[in-house]
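Two complexes come next, and they have one chain in common, chain A, joined by chain B in the first and chain C in the second.
Right after this comes the complex of A and B.
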């Protein structure tokens, strides 16, 4: 039973999270305090929402480096719109549409024009960043959003932030989608063997396009929640978050080769990354070492995974 | 006999070119409902291209087809599926990351309350596998874990369960051994009885004669004729129409005398073994000898061939080349010792499909052909490549063509040539003529016999018994991961060999 569990790709991330929780529980007196749990939620939820998008792309065999700049764009655009005096629902609708549009642009470049995902999404990353910064002015960071906008990041329901509930709801939705719907299963077919998927009649372009569009939308959702939490836009929003998401997804059982991974894995991977940051903060360790730990974990996970796969193949007599 | 009067699928005036290559020229073929219609032709004749037009993978330059009187043009595989046309491809199209069940039912039609009903999925898959004699394959097993032949059968099953009107099988038996091929033919007869129309492509005459109602022949992209297989046509008629000339039928004359040169053995395999994969196996190869190794799928032949070349690790045993113990046993060392290996799955290994053919040729000789500062001797390489292209009648527009754009059989010829470029002393070949047409097969057989007569030792792993019996000086037979017997030239009969090979033979899962 335990062995069976361990073969599941997600169990490594689960194990890592549990270890960190145990360590933090004993080594830090403040880990279980409300304020620490709040900041953990604020760090996990938006990132996990974006990681769901990254995970569905990885399953198809693609990835998106522009999600951080979509987040930034959305944050600053929301600031602009609120300066213009728009009400909260219209701001939200408009910025979500903006995120969706950038996602569609990615999808168009990668799925329709067949531009390499690395090049296309780096291009869009720069476009998004550039657009965001042209809208930026320093004034913005001192102008708070309307109260009902900020409520999205501040208010709670049964002890958890709204954003946490949203993230958990999306976790359920994506888990269900990927496991129990024909549309969700198609992503695995495309990621496993794209040519063959096309041959059995799946529209791989449409599938990949929609995944990019969805990822753009999710990045926008995450952007709204993140700026709502910090109450005003900042130019540092979303920096490096695309890497965090990709690393989290790989630690959580995704693969750049495509064809595998589940939403829970993305969540666990992100949780690990956030708990790790939390540990370095609470235990006042040298934060530079944190990058080392992340890098070592990433490589170790891939090595372990390769080893387990090799073992399995050996046992089946394939190698 | 199906009703031949009314065409069910009417292929009309199809022309298709790839750049300067005219793959199909005004091809028209009529197919009747419920028949097994074989399309026959040499490598590169345009068979696969024609089928891919039916399934919407390629758009024809001109022409169309009619299905049940409706004029159609499939614009995508999905559109062809909607019309009821399904195809099993020459190159496997399976999903190794998914379970066997999902490979059979990728469209997920089994739902309960809007969700995929996995219980039902596995149950239906198990039922279908059982129906087609594949009980040993578990529907929950990952596709990656089952054998090549098993994967091939699963792909066929996927087309069948979609309940098509027309099913196209492009060389479905090229990866199967005789026993499995027979099983497949049985399935096809059964399907035909249910009214399914089958378009069939194969280079194996025995099965073509056994199963076809009618046979259409293509030559160089042109339609030659359609013949009814009612006893009036012979294999030779087919071949003459196919190649447009009379081939002396030297193919498959059973070898009666072994002709190994005397001298120290070239290659000695001693006690090669690995848990659950191979039991204590030894063999000797003498200069000038062709040593055949035969076994049904799952008998351990492919593991033996891979282990003796160092492609897979073994737990025990050693390999001795020309008296020298090779340790560590790696393909690199083997190449350095003059041993070359032909893989049995060109899709996975053996070719760089996206690089020009010449570059592919240069692979094993990069060192040998390097001159000053490591620049390659390109003229010499070009010459060599040209020679092989001529010798094996490889149909390709130019040496700059990518293997990905060659027909399946021509890819196989390129792969074999690559092994021969470094002029090896020892050759280990796996299914050397897989998917190769009769004409070229004769050429390849002649070539192998010729290099053997000049002292090259060849270990030949083949599932085609007639081929082995016509080439090999000795045949060793494997069963249950062990070498269980040997038959020498002179004593060859199918019965003598199958007696060793066949027991517990329908084990498709690894």
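Right after this comes the complex of A and C.
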């Protein structure tokens, strides 16, 4: 029983998180302070919300590099709309629609036009960044959002931020969806064996399209929560977050080959990445070193993932 | 020979006449050129054309290895950050180790080449998706660049360390001449030589080429190393041109390079591509950016346009070249 538990990738991520927590507890005196736990929540929650989207794509065997741009776009668009004097609910609805639209664009390019997922989403990332920055002006960062918008990122319920509750709710929804609904199980079939899934009669194009749309929407939700927490739009929102999400999902049991992964794994992976960042900040290491570590981790994760897949393929006699 | 667009294998040696369809990039470049000369009075001056070519010649170094790799169906997204890495490493060797520039640039290329070799090794041994691996490398190397360049604190290169890049031959900057010569040499070797022709075989059908005894993995490793080293060389030249290492050197270059290679007739499915056409692709991107700037279009809108062109080019590639598996 215990050995079986250890072999699961999710427990690896959990173990890594625990190790980091122990290290941080001893190495830094401020880890368990309220303000540090708050900033941890604020970094885990939006990233985990995006990672759920990334996880369902990875399960289908795809991924999305444009989510960081979607987050930025949503943040800056929200700033623009609040400048125009719209009220908070309509701002939120409009920016979520914008995120959904970019997600649909990704889905259209990848699922319908069959463009390589990596290049299509890099192109969209590039376009989204350009689009966001054309709407950006420097004065924006001094202008705060309306109070009830900021409340989304600042207010608490039973000691946890709203965004943490939203993230936990989505965690439950996705766990249930992936495990107990026919639609969720289909993703594993599409990722595990596309041809077979198509032959059985699954509409794999539609499934992938919807996954991309869903990921865009989740990225927009994360973007709204993140800018609400920062209180004003910033041009640095979402930089490199697609990498964090991808690494988190793979550490949490997903695979680039598709067909594997659960929502809890995404959450644990994100927690690990956020704790890692937290460690860099608390121990006052160079912030750019984080990029190096994240990049090297990504390569390591890809190599290990590739090695495991290769071994499995060899065992199945496919190579 | 399925379609007449782009060179595939030399299946029909008798066909010597020019394949007009594969020179789409030439027509595009010429069309853009004439459009800009007609619409902008400031465009068609010797100084402007020279500066566009000068700009192109730096970027082209990042595109050489990239083209060789895309012919084999591999994509190297780390070229942009390797470009910056060349500059950062050159700064490191010059500022911290007091080496002369003649030693600093080859050493920078060597370090970059070793990283490229490691990437190639990982990709070929574990059969990884090269794009994923090089995205990780891109990120890590970019972080290293930032750290190094922050440490230099804006120090300038000495005059003797940068003025070599502005040398001229017959009134033309030498980097432009090197670009033309290198493109021509690679073009000739890609079509005539046994060693470079095998890239097309590997890209066309990897398993068959291995069965025929080509050492495909070694060739791929060598090309990854070459790609990184040449990108670093271009970056070092660019740094010399700016007179100090800067973090914007090579930023977003990978997007321009992929776009250039793909509109230059290379296919992300492998088996196609040509060095001259990639060079024209790089020139096209430079012309486009020059033109957009002359129309006062800001860089972020330029980014949107370039991203859209990339997606469009890949879409056309998918429609035309996707293997019917």
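Assorted remarks:
FYI, the second predicted complex is superposed on the first by the 284 of 319 C-alpha atoms of A that agree within 3 Å, B and C clash if a C-alpha of one lies under 4 Å from a C-alpha of the other, contacts with A are read in each partner's own complex, and residues count from 1 in each chain.
In the analysis below, a contact is a pair of C-beta atoms (placed from the backbone, for glycine too) under 8 Å apart; a residue touches a chain by one contact, two chains touch by 3 or more.
Everything numeric in this text was worked out from a predicted model, so none of it was measured.
In the superposition on chain A, A:259 makes contact with chain B only, while chain C stays out of contact range. Judged by the touch definition given at the top, the superposed model places A:232 against neither chain B nor chain C.
Ranked by how many residues of chain A each touches, chain B and chain C are led by C. In the overlay built on the shared chain, the residue A:181 is in contact with chain B alone; chain C does not reach it. In the superposition on chain A, contact of A:189 is made with chain B only, not with chain C. Residue contacts after overlaying the shared chain place A:200 against chain B, while chain C stays out of touching range.
Look at A:288: by the touch rule set out above, it reaches chain C but stays clear of chain B. Of the two partner chains, neither chain B nor chain C is touched by A:39.
Common to the chain B-facing and chain C-facing surfaces of chain A is no residue whatsoever.
Within the complex formed with chain B, the residues of chain A that make contact are 176, 179-182, 185, 188-189, 191-193, 195-203, 258-260, 313, 315-319. By the touch criterion stated above, chain A contacts chain C in their complex at residues 65, 109, 113-116, 118-120, 122-127, 129-131, 133-134, 240, 243, 256, 286, 288-299, 302-303, 306-307, 310. Taken in their complex, chain B has these residues touching chain A: 55, 57, 76-78, 80-81, 87, 89, 92-98, 102, 106-109, 115-116, 144-145, 158, 276-277, 303, 312-313, 510.
For chain C in complex with chain A, the residues that touch the partner chain are 75, 77, 122, 126-129, 131-133, 135-144, 146-147, 150, 252, 255, 258, 268, 298, 300-304, 306-308, 310-311, 314-315, 318, 322.
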